Amino acid sequence: MTSLDERTDGTAASRWSTFRPIRTGEDYVESLRGRDLDVYLLGTRIAEPVDHPIIRPSINALKATYDLAITEPDLATAWSRLIDAPVNRFLHLVESPDDLVMKNRMQRRLGQLTGTCFQRCAGLDTISVLHSITYDIDQAHGTAYHQRYLEFMRNAQRNNVVIAAGMTDPKGDRSKRPHEQAEPDLYLRVIRRTDDGLYVRGAKAHMTGGLNAHWICVMPTMNLTRADRDHAVVGIVPTTAEGLTYIYGRQSCDTRALEPGGIDQGNATFGGQEVLVVFDDVFIPWEHVLMDGEYEFAQPMVSRFTAYHRASYVCKTGLGDVMVGAAATIAEYNGADHASHVKDKLVEMTHLNETIYSSAIASSHEAKPLASGIYMNDEMLANVCKHNVTRFPYEIARLAQDLAGGAMVTLPSEQDFSHELTGPMLQKYFAGRADIPVEYRTRMLRLIENMTLGRNAVGYLTESLHGAGSPQAQRIQISRGMDAERKKGYARRLAAIPDTGSTVDEENGAP
Amino acid sequence: MTSLDERTDGTAASRWSTFRPIRTGEDYVESLRGRDLDVYLLGTRIAEPVDHPIIRPSINALKATYDLAITEPDLATAWSRLIDAPVNRFLHLVESPDDLVMKNRMQRRLGQLTGTCFQRCAGLDTISVLHSITYDIDQAHGTAYHQRYLEFMRNAQRNNVVIAAGMTDPKGDRSKRPHEQAEPDLYLRVIRRTDDGLYVRGAKAHMTGGLNAHWICVMPTMNLTRADRDHAVVGIVPTTAEGLTYIYGRQSCDTRALEPGGIDQGNATFGGQEVLVVFDDVFIPWEHVLMDGEYEFAQPMVSRFTAYHRASYVCKTGLGDVMVGAAATIAEYNGADHASHVKDKLVEMTHLNETIYSSAIASSHEAKPLASGIYMNDEMLANVCKHNVTRFPYEIARLAQDLAGGAMVTLPSEQDFSHELTGPMLQKYFAGRADIPVEYRTRMLRLIENMTLGRNAVGYLTESLHGAGSPQAQRIQISRGMDAERKKGYARRLAAIPDTGSTVDEENGAP
Amino acid sequence: MTSLDERTDGTAASRWSTFRPIRTGEDYVESLRGRDLDVYLLGTRIAEPVDHPIIRPSINALKATYDLAITEPDLATAWSRLIDAPVNRFLHLVESPDDLVMKNRMQRRLGQLTGTCFQRCAGLDTISVLHSITYDIDQAHGTAYHQRYLEFMRNAQRNNVVIAAGMTDPKGDRSKRPHEQAEPDLYLRVIRRTDDGLYVRGAKAHMTGGLNAHWICVMPTMNLTRADRDHAVVGIVPTTAEGLTYIYGRQSCDTRALEPGGIDQGNATFGGQEVLVVFDDVFIPWEHVLMDGEYEFAQPMVSRFTAYHRASYVCKTGLGDVMVGAAATIAEYNGADHASHVKDKLVEMTHLNETIYSSAIASSHEAKPLASGIYMNDEMLANVCKHNVTRFPYEIARLAQDLAGGAMVTLPSEQDFSHELTGPMLQKYFAGRADIPVEYRTRMLRLIENMTLGRNAVGYLTESLHGAGSPQAQRIQISRGMDAERKKGYARRLAAIPDTGSTVDEENGAP
Amino acid sequence: MTSLDERTDGTAASRWSTFRPIRTGEDYVESLRGRDLDVYLLGTRIAEPVDHPIIRPSINALKATYDLAITEPDLATAWSRLIDAPVNRFLHLVESPDDLVMKNRMQRRLGQLTGTCFQRCAGLDTISVLHSITYDIDQAHGTAYHQRYLEFMRNAQRNNVVIAAGMTDPKGDRSKRPHEQAEPDLYLRVIRRTDDGLYVRGAKAHMTGGLNAHWICVMPTMNLTRADRDHAVVGIVPTTAEGLTYIYGRQSCDTRALEPGGIDQGNATFGGQEVLVVFDDVFIPWEHVLMDGEYEFAQPMVSRFTAYHRASYVCKTGLGDVMVGAAATIAEYNGADHASHVKDKLVEMTHLNETIYSSAIASSHEAKPLASGIYMNDEMLANVCKHNVTRFPYEIARLAQDLAGGAMVTLPSEQDFSHELTGPMLQKYFAGRADIPVEYRTRMLRLIENMTLGRNAVGYLTESLHGAGSPQAQRIQISRGMDAERKKGYARRLAAIPDTGSTVDEENGAP
């Protein structure tokens, strides 16, 4: 590794100079090749992630965001006033509630098409929150972050890049604040400032699609105090920046991608990606620094980011659509689709799925503009949406397993199905309805396994619990926003109890 | 009773001539006086319902819809293009998604203010559905219903009247269609047609606020066939029309309103109202007939009406706000408000309540115009909203009872509290926190009883189950709208199963 | 009232001398007559509660415990070794796990027969706990409580009396201990001791069937400290003792019992009863004092009592059986009993009901003997049983309302059905299946109303929440009994994590 | 393969002659070596399953049933009256309710010790049901099955063998009965009878621990008709019998067992096993045939088997104990164990787990003897137990994932932790509480992954849904046993509706 003082990795301009505008999904895949990143997976450095069978499905999922912009441009592109040209919606600034609703529709659609996490939402929600935060910091401190931000966004839109959100610090001992940790690097921090920029050290955990991005935006993960000032940093670095190491998070059944054949993977084409990214003294030029020490803005940044991001979990309704479809299909293949309890379970799955959808788009429709002119969706409803996401996909998955039947977890391997001796036995004994090939039934069972126990269960279930904040985080936000005092006033009024001196003026609006 | 042939209760014009425009809540109450209706309650004919202690709270609740138009005009009025003047929002034609969202906000607000059913939603949803249905019938049959409808609406808006929805027929033997019933009157029907109009006979069950309305609109309750032609009738009659009898539905704890004092009623001011209205050969002039025999429009009428009306159940979130407030208050009075489980239960109640809210307004925001130009909210999400309403208020009520403590159901009567001997005992032994009068605690407990077991539990719980259709009705609608075939396509695509010849073109839109 | 010094109300012997053995239910009812108690209901002193229409149904319910001993003696009687004769099972000492299981079966049976709270369980659970507690106090302090207790029980069994449990103090400010209250009487306490006995002052809240009992046993409601010593009193007084005042707790729809007719009550025969009993310096002779100052035994007394009593909530499965039966019947009357969703809801109701049953009898079967020789059921499972009781009856009630249909809350009154003008209208329009009289349908709807909103909803729902301790009380007990340390050991062993020095010896038994 | 006519694999005596009594777990493992079975896994014939890394954990789990008999003989052995000697409880005939309760305790204990399915319950439940079924057939048909059965059991007990239950046929087209299938082998059937015995052909699907057993008992999977007579066969064959092929069912994350290291497996020692066993004309001597054509006994056999087996799912409470322990431990490692919501979630997990336990042991305690003298547990409560098992483990697993945090699914591999470059990074950034080694935290996260997404999630979740019958199977049984007619009688009686001629005598017992 080059020593810190010798590094020349550059200016903002030089960093952008390596990019060429990406138009198609294929362009995108090519843009990831030959980057010579330090990527580790299963204990091995991966020379070319693009061609690695475990990694490639996650690239395919992100690629779908480019493909959709071409096949369904009304849904997946928008007109950017910033560059006066159409842009991928994942890079579009939120100019109206409708932009947020369209985002939600696009997210559901991509969930339907990929059955997994397509990894581009957190980046979109990051650029959304930075619009207002940089504006607000400038207003308070006379800084120039907002113009830097807009300049970055012009480049980002023109080049159609992927931005990953680097938010979650490892956190170490949860009972201590950043500056109290024995090891201060457990929260990413500025370790040096020069005329050209600053250097950060630390790590960002479970970064979604970190390896598949072109740029990483680091930002604080929680509210900070003056003593945590050096942790109050927002900056954007290219994924190729010197000092970055990527360690791949493993997933349930990940190595099935290394096996011959494609059936046992369930969804052989698409998958998610979470990586730990270690920042070993990574340089950020001032043009790409959007916060440096303004610690009091960490709290609103996190709060606004989660408002955007918790509604983004509407993507899970796209996966829910796949679950409903898979459950309906396997019931059909099993010859059980006319049973009333089967129909009723499909209705229940749909009801839960649409409840999530309604919370998300309600939040978006109810968006209000912030000072910078950008719109933010309703915070209470975004929390309600995400909180339902921590519950309903588990029940939907349970119902899908119910309709799948036990064979989902006792099915022999694809190799057994193609073996000369066992193959014919399995063809004979796994036959269901005469008009359905055994392989179709097998494939559908493997898809349900994939989404409820396997690789994409990570995204459909566990990530639904913890992504954008664990359940308790939503409960805290709901508690803050519930305005119990106003509601106590309603109750007292109906019970004919005189106002007991509360300072809340019950008449000022509803709900 | 006058014989059918001698009746002279007349023309549309003569019927409207008895009305004067209503402006205030007080105007409204006065408009109900002296009507000499045939009203029966607890086995007695009630000469003046307005002054009856059991009935009055329901009038007060409806009155709140007039008061709100004055205190919060932005919320409760709208500009009518029909008469080019502001109108009460309960009479406003839906010209945009925003009109539906504003309706939902108003409904929640009135729920907060009354803690009960204010009885004007079904009428609004009726006039909404008739706009498009009369238009569509005219298109199909060359009839002139739509102009009649518009003319009626001009009068309705100018006079600011209350319209009750007469939808639910008694139904008799559920396994038989209307024309198959031993007693054909079990579904309201046309028994005679003359040059001036037609006569209907039958009954409409649990008509919400039927007695508190100025007009009743009868309409079919289910899809009909050619053989049911005489049941396919829509018409509007004044509540004072000859031949109408009103039999009051009793409610849990209704007679507490007859007791001295106001504490044990819990909510002494506001209540709901359901009546059985018997139509004993009631005349409707042609100007007020909006369907007569076009049976094939019964199904879309019901379907569109339930789309409007199931989202109207957002009003229960206003009651939910009262429940949250009451539970928070009683916990405070009991000195238990700092316990973590208490706070957590308030969050859960809020989460469930806001989930309902989000489904309703999402449905409204997603409204689309119909052929007549009026907007209709999203049907799937309206069903999802109502289906959540059949579940969550029960859990909210259970949690409120949890926080209330057992005293809610063992509290002595108000008379015992004011009795010279027992009063001081009760003051001594029902003391809680020193700074809270015993009466406040008692009042709050009685309010929770009112909403979970008493009079307004009828509206908050049972009506939430059955109003606008019982749970299974929503499940049927969700089943119809879920488009399982499209979702099967998503699953097959991800499982790499070739298209099996389904005629559904999976690419045509989402979700 | 006689002054304290003049009282002569006596010795234990004189108190028992007024009793004659009760054999039949009729004997029991007669035993309650002419007692001249100070009973207040709706602000009026009730001269003869036995004949009061609101009170009588609660007496009938308790009477059923006597009747059952005659009609089903195997179930409702047992052989008492104490008096070497058969006794009513509600007075039987628990000599084996099977005695507890038989208790549970009897409780369920009485729930089926009465559809309400029959008020004799808390007394049984009180005499059960006093067996071991008096024994343990004697062991620790050399007192003679246990012999006093046995002597009392001999008389109780021979005379076949009803004992009410006086446990719940009013509690005042929940943040303060008994001796810290501004008004020390908010927890019942000894105010004077003489050679003959002691005097207590205070009140016991929501005493189930307090008025229908012959004896009241007062005991502490929570763990106590040395400073609360005077509150650590257990004593038994006849309901006729001087100084007692009974104030009746009102219930939802209670005054329907004052109306003519019997339909609208839903269950006209049976009801529950909760009273506030004020102890205005009530004398207890030493022979009937079973604790006086041994404050350290308050905690085990409460803990053991709740173990017994939380399993006694199995009675609600008897009410659950009635709910299932009522829901099945109304579906039949409505002609909807063949719908698959109807059958499925009945199954769900049954499943929930039997889950409660299984927790209760499992707890009883797993009973272990205490030092005094009496058996106590498993504490963890008793808490699990009660905790399920705080949830499942609400869902069962919701499903019953679902199957009932909306008419349950919009039905006109019985007087309207018998009115000359409205009666025929209602007969016509409330007809369902031709072979079912309208009155049957009405009666069944009123029964469901009674149990889900009306008088017996108090017992089926709210009392299920709070009786024997509110939900959080069970959670605390479950937390205490869950032995997380042992379970951590299981997890560490499977994860191959070395023992980290926990002192728990994982091998010593399971679970 | 030897042709059918040349086979000499013989007599019952010769088959037993190859066994030597098994005493220890080590003996058991040795007994599985060198059997030269036709086992296929991942497309390869496995020469020695005992040493295969994927298979061995399942053998270890079954071995625990032998070990426990030595370490906790009171729990895991019983005195057999059949051979007048102690036997492993998994081979013990059920002589009392207590035998069933002890079985449940042993099952929970083994769940705690292995965290997976130990595969010996279905065999125990099979020998239990065959006791009464062979007796009943003999009574009806004058056959001699029961003595054959007892003789087999004497040998089985003396040799301490493992018996696998071969119940589930592949079933083919679910809308057709066995004899209607295009391919009759889709239900196992007799294809030939000789003087010495009979030959069966077909397959048994998801046979739990099939490969780890010494004997397989085939039996019908559903009720049969006369036309299905050849499918009505019960017989017992050694796992080494000629004509058997075993095809291993793959599980989520199974191949992690092939990776170096032991951390990522989560539970490296124990796992479950499901195999498809193909019967290619397998011989069974008459001594080991226990049903041949008595088709009318298929229904009671299945019904009694499921009564036994559904209560055996109490084993999942042992796994639930591990889940509670793992969740409590990871919360502690994360430093979050003092948060009130964490404690509350552990209580909820425990409550659900103990509810399952109570249903199981209640069912066992309530066992009644059958005609043959063997006891059978309560069928309703067994169904209730299993139905709760189809729901609660999913919620327990969700709560465990909640407490685990997102790192459970983003953790890098063990190889990355031991890599020279990434290892130190991971040690630095995965540090939590200073006193907890990073490896401990990693191990605990992997254990939770193992049980909620990985290999043992198959047993803890999906098998909990489908084993011993899918949810709908329990609902059908609950529906059959719920006796709605009796319950209708309770409701009618309380509503004062005259008996409508039902033939059910409501007085004959309860509940």
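Read from first to last, the chains carry the letters A, B, C and D; within each, the first residue is number 1.
FYI, contacts are C-beta pairs under 8 Å (C-beta built on N, C-alpha and C of every residue); 3 or more make two chains touch, one makes a residue touch a chain.
Keep in mind that what you see is a predicted model, and the values were worked out from it rather than measured.
Peer 1: Could you run down the chains that neighbour subunit C and subunit D together?
Peer 2: A, B
Peer 1: Is the C-beta contact count larger for A-C or for B-C?
Peer 2: When the contacts at A-C and B-C are counted, B-C has more.
Peer 1: Fit subunit A to subunit B on CA atoms, both being copies of the same sequence, and give the resulting rotation angle in degrees, nearest 5.
Peer 2: The superposition gives an angle of 180 degrees.
Peer 1: Need the CA-centroid distance for the pair subunit B / subunit C, whole Å please.
Peer 2: 40
Peer 1: Could you tell me the distance, in whole angstrom, between the mean C-alpha positions of subunit A and subunit C?
Peer 2: Chain centres of subunit A and subunit C, defined by C-alpha means, are spaced 53 Å apart.
Peer 1: For subunit C, write out the residues touching at least two other chains, lowest number first.
Peer 2: Residues 341, 344, 475 of subunit C each touch two or more of the other chains.
Peer 1: If you look only at subunit C, which of its residues touch subunit A in the complex?
Peer 2: Listed in rising order, the residues of subunit C that touch subunit A are 340-341, 344.
Peer 1: Note which residues of subunit A are touching subunit D in the complex, please.
Peer 2: 40-44, 170, 172-175, 182-183, 185-186, 203, 205-206, 245, 247-253, 255-256, 259, 264, 274-276, 278, 334-336, 339, 341, 390-391, 394-395, 398, 401-402, 405-416, 418-419, 421-422, 425-426, 428-434, 449, 453-454, 457-458, 461-463, 465-467, 470-472, 475
Peer 1: Any idea which subunit D residues touch subunit C in the complex?
Peer 2: Per the stated touch rule, the residues are 75, 101, 105, 108-109, 112-115, 262, 266-270, 317-318, 321-322, 324-326, 328-329, 332, 343-344, 346-347, 350-351, 354-355, 357-359, 361-363, 365-366, 380-381, 384-385, 387-388, 440, 443-444, 446-447, 475, 478-479, 482, 484, 486-497, 500, 510-511.
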